[in-house]
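In order of appearance the chains are A, B, C and D, and numbering begins at 1 in each one.
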Amino acid sequence: MSLRCSAARSLPALGLVLLLAVLPFILPGPFYIAIAHQILIYALLALSLDILVGHGGMISLAQAAFLGVPAYVYVGLSARAGLSPLPAALSALAAGTALAGLFGVLALRARGLGFLMITLALGQVVWGLAYRWVDLTGGDNGMRLSARPRPFGLDLGRPIPFYYFVSVIFLAALFFLRRFARSAFGASLRGTRDQPRRMAMLGHHVFRIRWLAFIYSGFLGSIAGVLFALSFRFISPQTMTLQQAAEVLLMVILGGPGTLAGPLIGAVIITLVKTVVSSYVARWYTVLGLIFIGVELFLPEGLVPGFARLRRRLGAALLARRRPA
Amino acid sequence: MSAQFWLIQTLNAVAMGGLLFLLAAGFSLIFGLMRVPNLAHGGFFMLGAYLGATALDENLPFWLAALAAALGVGLLGAVLERALLRRLAGNEQGQVLATLGVAFIIADLCLMTWGGNPLSLSPPAWLMRAIAIGGFFFPAYRLAVLVLAVLLAVLLVALMEKTRLGAMIRAGVDDREMAEGVGIPVSRLFTTIFFLGAALAGLGGVIGGPILSAYPGLDTDMLPLALIVVILGGIGSIGGAFVGSMIIGFIYNFGIALFPNFAYVILFLPMIAALLIKPEGLFGRVPQ
Amino acid sequence: MSAALELRGVSKRFGGLVATREISLSVMPGERHLLIGPNGAGKTTLFNLITGDLAATSGAIYLFGADVTRLSTRARVHRGLARTYQVLTLFPHETLLHNVVLALLGMERGLHGVWRPLSRRIELTERALSALTAVGLAPSAHRIVGETAYGERRRLELAMALAQEPRLLLLDEPLAGLSREERERVRSLLEKIPRSVTVVMIEHDMDAALAFAERITLLDRGAVALCGTRAEVAADPRTREVYLGV
Amino acid sequence: MKITRRNALRLSLAAPGLAALRRPARAAQPPIRLGFLTVKTGPLASGGIQMEQGLTLFLKEQGGKLAGRSVELFTEDTGGVPANALTKAQALVERDKVDAVVGPLAAFELLAIIGYTDRQKMPVLAVAAAENISQRTPSPWFLRCTSSSAQASQPMGYYAAKTLGYRKVTMIADDITYGYEQCAGFMRVFEDNGGKVIQRLWPPLNAPDYGTYIAEIRPDADAVFQAFAGANGFRFTQQYFEYGLGGRKPIIAGMTGIDDSILPQIGNIALGLLSTCFYSPALTYPSNKTFVAAMRKTYHADPGYYSAGTYVTGQVLAAALEKIGGKIEERELLMHTLRTSVVPETARGPVRFDQFGNVIGNVYIRKVERVGSWLVNVPIHTFHDVSQFWTFNQAAFLKDPVYSKTWPPTRYIEH
């Protein structure tokens, strides 16, 4: 039974791997492949935020900083200091993760709206620094990256190799998050979300659990940040605006916090509306707003859990109808 | 720094504080009483400014234009409460997402209706001048805004503390079931609160209009300010919101005058500090 | 031998309101101690002070001879403290087993891994199962808490506390709201707690509580009105005055 | 909502049937696919919408055709966000297979896409003013028909010192590169000609209020040079008058500070204000008269920096395409022709281009006057054929760092 069970659980995962593998051959052209890898990068950022939001119950508006700061570090170190890609990337990850540690120490003193506001403020401070510290960041002009690296002779400058590069990293992160969700740490983190006082009474170090959640979240978010720098080959303060932070949060809430598929679905929808639908619908901003409202009215737990509920209910209704017959 | 510098920046600070109170009072009311983090508040404010600009274009007197805009935005708020937020009671994430959705739509429809160019709102003619104070000039209108903010604060405190409506609102918020048990129409009260909060935002938009003007992006410029004021002032306290507004007015004006390099973060650093020291806000009770 | 729990002049004020006033109390290892008093006497507040959920305004708290007044809840738990709640405080969307597993995880030192699935930690599952077995919940181990009966949840509270192998156990009305049958069941579970565990209990069911307790403290308006053996307290007129008679 | 916006545009701009009748030889040619990056949502939308107005008016005027080929216009909204600008540029290049791109609006958008468009060998006819794209880090595929940031502020520096006779000036601008570059150019020329910049103020882009800054303006300044963009220029000017400074300390503005698109909103207080720009709606060139009339008729507004920018860009592109027989697909030829041709008659006057693809053309010092029922920035002085290098030696200019907050260093500001 356990064999069958785990096979059934792996089915969606296998489906995703397959889909990502064949996607470049289905999509009509390189533009859509670029959109696909962008979606994966935003989805990775959303998944990293979901550690805080979905598993930790901490609604943060600072996640865009983990897109921006590692990207700045990567571009700065490789374009200005001439560091080779790997050490530059590792430094970027370290910087992003360290920033997460700092954010955690500060933000975890507050709760509820206070937490939301302090993360908003932290994100804005980083944004403001990027804007104003012109010598280091290039101000609003930002910084450019001349070329993507060529690890093992793989030319990441071309769309399809880069897409697969991002896909593999994304899948690895997804796999990690799946383990994370089922691990002892994941269980403890959800415990602190539901009953923080009880968790302390059970001997858990609530602050440390939450702080580590920040670290993991920041680390995964930083991976998205480095990929962002490689994808767009430039970085500017606009990557860290409140708008961007809100967008990532919306991806999580839209798709369904605490699920693996939710942030991915949220990233797909929001990115597609922004990049593709906006080519055809002038009032795409209104479309996005209507999607948010519609989801909250009809599937308030988010798309993925909401549809699961609908399916269960539908299944139950079908069963009920079959029974008397 | 000369005495004149301190004087004029103090005037600037309190005038801006008054403006911020007009912005934040409605947010504080809705959040404090109903626990709804209404992220469409900036949109309400901007919509008020645009409606006011249109009303002024139709040659309505300024105060009437302000009332009309307040009424319009208030009605929108009431409708939103009935149709949308009512169904999301207690679902904080849902409220965040849904009110942001409303904010997006308001921003987009304003852009569609009024175009991208900034619109000016003319204050009443008798306030359109600068008053000479000790060797420099200060806009009369800003002083009027300050006076209005003080009046409004007094009025709101009186409404909440002294009137039957205020007593019913407080009862309904404290214990909904018990309030319903003694015959208070809680459902209508909640709509009233939302109407009032949104109308205040709309009013603020028109009153702030002659200073800020109406332009795309006014909403996102103002929303963080409303949040900061309410956080610093404490949640759900009109008096706190007033004090918070004044504090922000002073921090902003003296901050950027004395530390121009910190202009981008001047409001956020003190907020972080305040939250670290007193997470529940400087003047608020702990929200649970 | 030092006391399992000792309070020295512990007070707690909320603004102008005094919740507990200069409470001093000593509970010897292995003792069964009962806290009684009318509603609002400060019993649960006292528990919260002992666990560290609330910080005492003044006074000192000792666990097994060590001053824990400034220690976190967690540190006190790791010194052998456990409690149950009057208002059920469980993880309602998880299984009973998972609830106990969380209790066991809390006692582990060091960091929890993010890689190894919790379900593969057989030893944890087994220990949790045996804790559930001890309170008769083994058959319900895989049910979701939210779907179980109230009585079962009360026993789950107990199982979680006992799974932590505490040296000092605080029970906040473990019999509250239970049917007669369930009450008997929990009573016999309480009887079976080994003497290596010191128990402090708040309980309104006087028959059960008096049968269980050896020493009794009577709280009234946040202060200790009386403290003594079962017989002494039962005989004292003040008990009748502040509590039993009213 | 115009869901089939693209098709609608194709219908309205091009009439293939008619074209076939008139020019059978060219009818076989597929339409020119023109990409357009603009901003239609968010805070920068005002400029972006005007860009669209200018370009669509121009194409409509041409009957939807350039050099005899019908034009299919692909418009994309970047939202004013660099990452989106790049994605939209990719959409235009890879999905829509456009032959050239008009836009984007903001410097940071241009900087975000230029690496990509260069790799794709895609001609970019930008409005964005970023200095270095036409100076130290040039792009072979870049053309600008408007002005680099300092191209118009340098003449203003000269005019302020020599003609207006100002000795001490306070500068105020948005705290972004565009602001720094305009101010640096103004300061350099102003001080070279005997003036002193005694104060610089940099309000954040999202400053709620300028009262604090206005109160700080030094009393001994002869004038204030304001180089804001978009709604900020309008708000600053209005508040400046609110504080009673309007009548006593003149404002001189950069090229977007008191744009014609916002003049009606500023109202009569704007009368007499001076500004510098590559364009004025009051210019008497025939094509400008047509343009202004069309703008007034269609949009009830005068053209400003952004709409004139795309209109002139359209004229320059049209002239080049005429020269090469509409062969826009031959991009090297197109770029070469664009950069080497002299267009004697655009709405802004005659233009030609330097080796970096930046325009050489007139810069006008303008004064707000009432012309009929309209407030208009009327030219009062013309600097002819102004280059982005002003009168400086180009080689020496390029050896210096790019204009910024720290270059050139301030000489007369006390710290």
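The definition used in the following text is that a residue touches a chain if its C-beta (ideal position, glycine included) is under 8 Å from a C-beta of that chain, and two chains touch if they have at least 3 such contacts.
In this text the structure is predicted, and so the values were computed from the model without any measurement.
Chains that count as touching both subunit A and subunit C, per the definition above, do not exist in this structure. Among the other chains, C has the CA centre that is most remote from the centre of subunit A. Of all chains shown, A has the CA centroid lying nearest to the centroid of every protein CA atom.
One inter-chain figure worth recording: subunit B and subunit D are separated by 36 Å, centre to centre, where each centre is the mean of the chain's CA atoms.
Centre-to-centre separation between subunit B and subunit C, using Cα means, comes to 48 Å.
Inter-chain centre distance (subunit A to subunit B, centres taken as mean C-alpha positions): 33 Å. Annotation: 74 Å between the Cα-based centres of subunit C and subunit D. Residue positions of subunit A touching 2 or more other chains: 128, 131-132, 243, 283, 285.
Across the assembly, subunit D contributes 40-41, 175, 204 as residues in contact with two or more other chains. In subunit B, the positions touching at least two other chains are 107-108, 220, 263-264. If you check each pair of chains against the touch rule, the ones that pass are A-B, A-C, A-D, B-D.
The touching residues of subunit A, counted against subunit C in their complex, run 176, 179-180, 182-188, 190-191, 194-195, 197-206, 209, 212, 216.
By the touch criterion given at the top, residues 53, 59, 106, 109-114, 116-118, 120-122, 124-125, 127-129, 131-132, 242-243, 246, 249-250, 253-254, 257, 283, 285-286, 288-293, 295-297, 300 of subunit A touch subunit B in their complex. Touching subunit B in their complex are the following residues of subunit D: 40-43, 45-50, 175, 201-204, 206-209, 211-213, 215-216, 230-231, 234-235, 238-239, 242-245, 261-262, 265-267, 301.
Within the complex, the subunit A residues that touch subunit D are 28-32, 34-35, 38, 128, 131-132, 134-135, 139-142, 144, 146, 228, 232-234, 236, 238-239, 241, 243, 274-276, 278-285. Note for the complex: subunit B touches subunit A at residues 31, 37, 84, 87-88, 91-94, 96-98, 100-105, 107-109, 112, 220, 224, 227-228, 231, 235, 261-265, 268-269, 271-272, 275-276, 279-281, 287.
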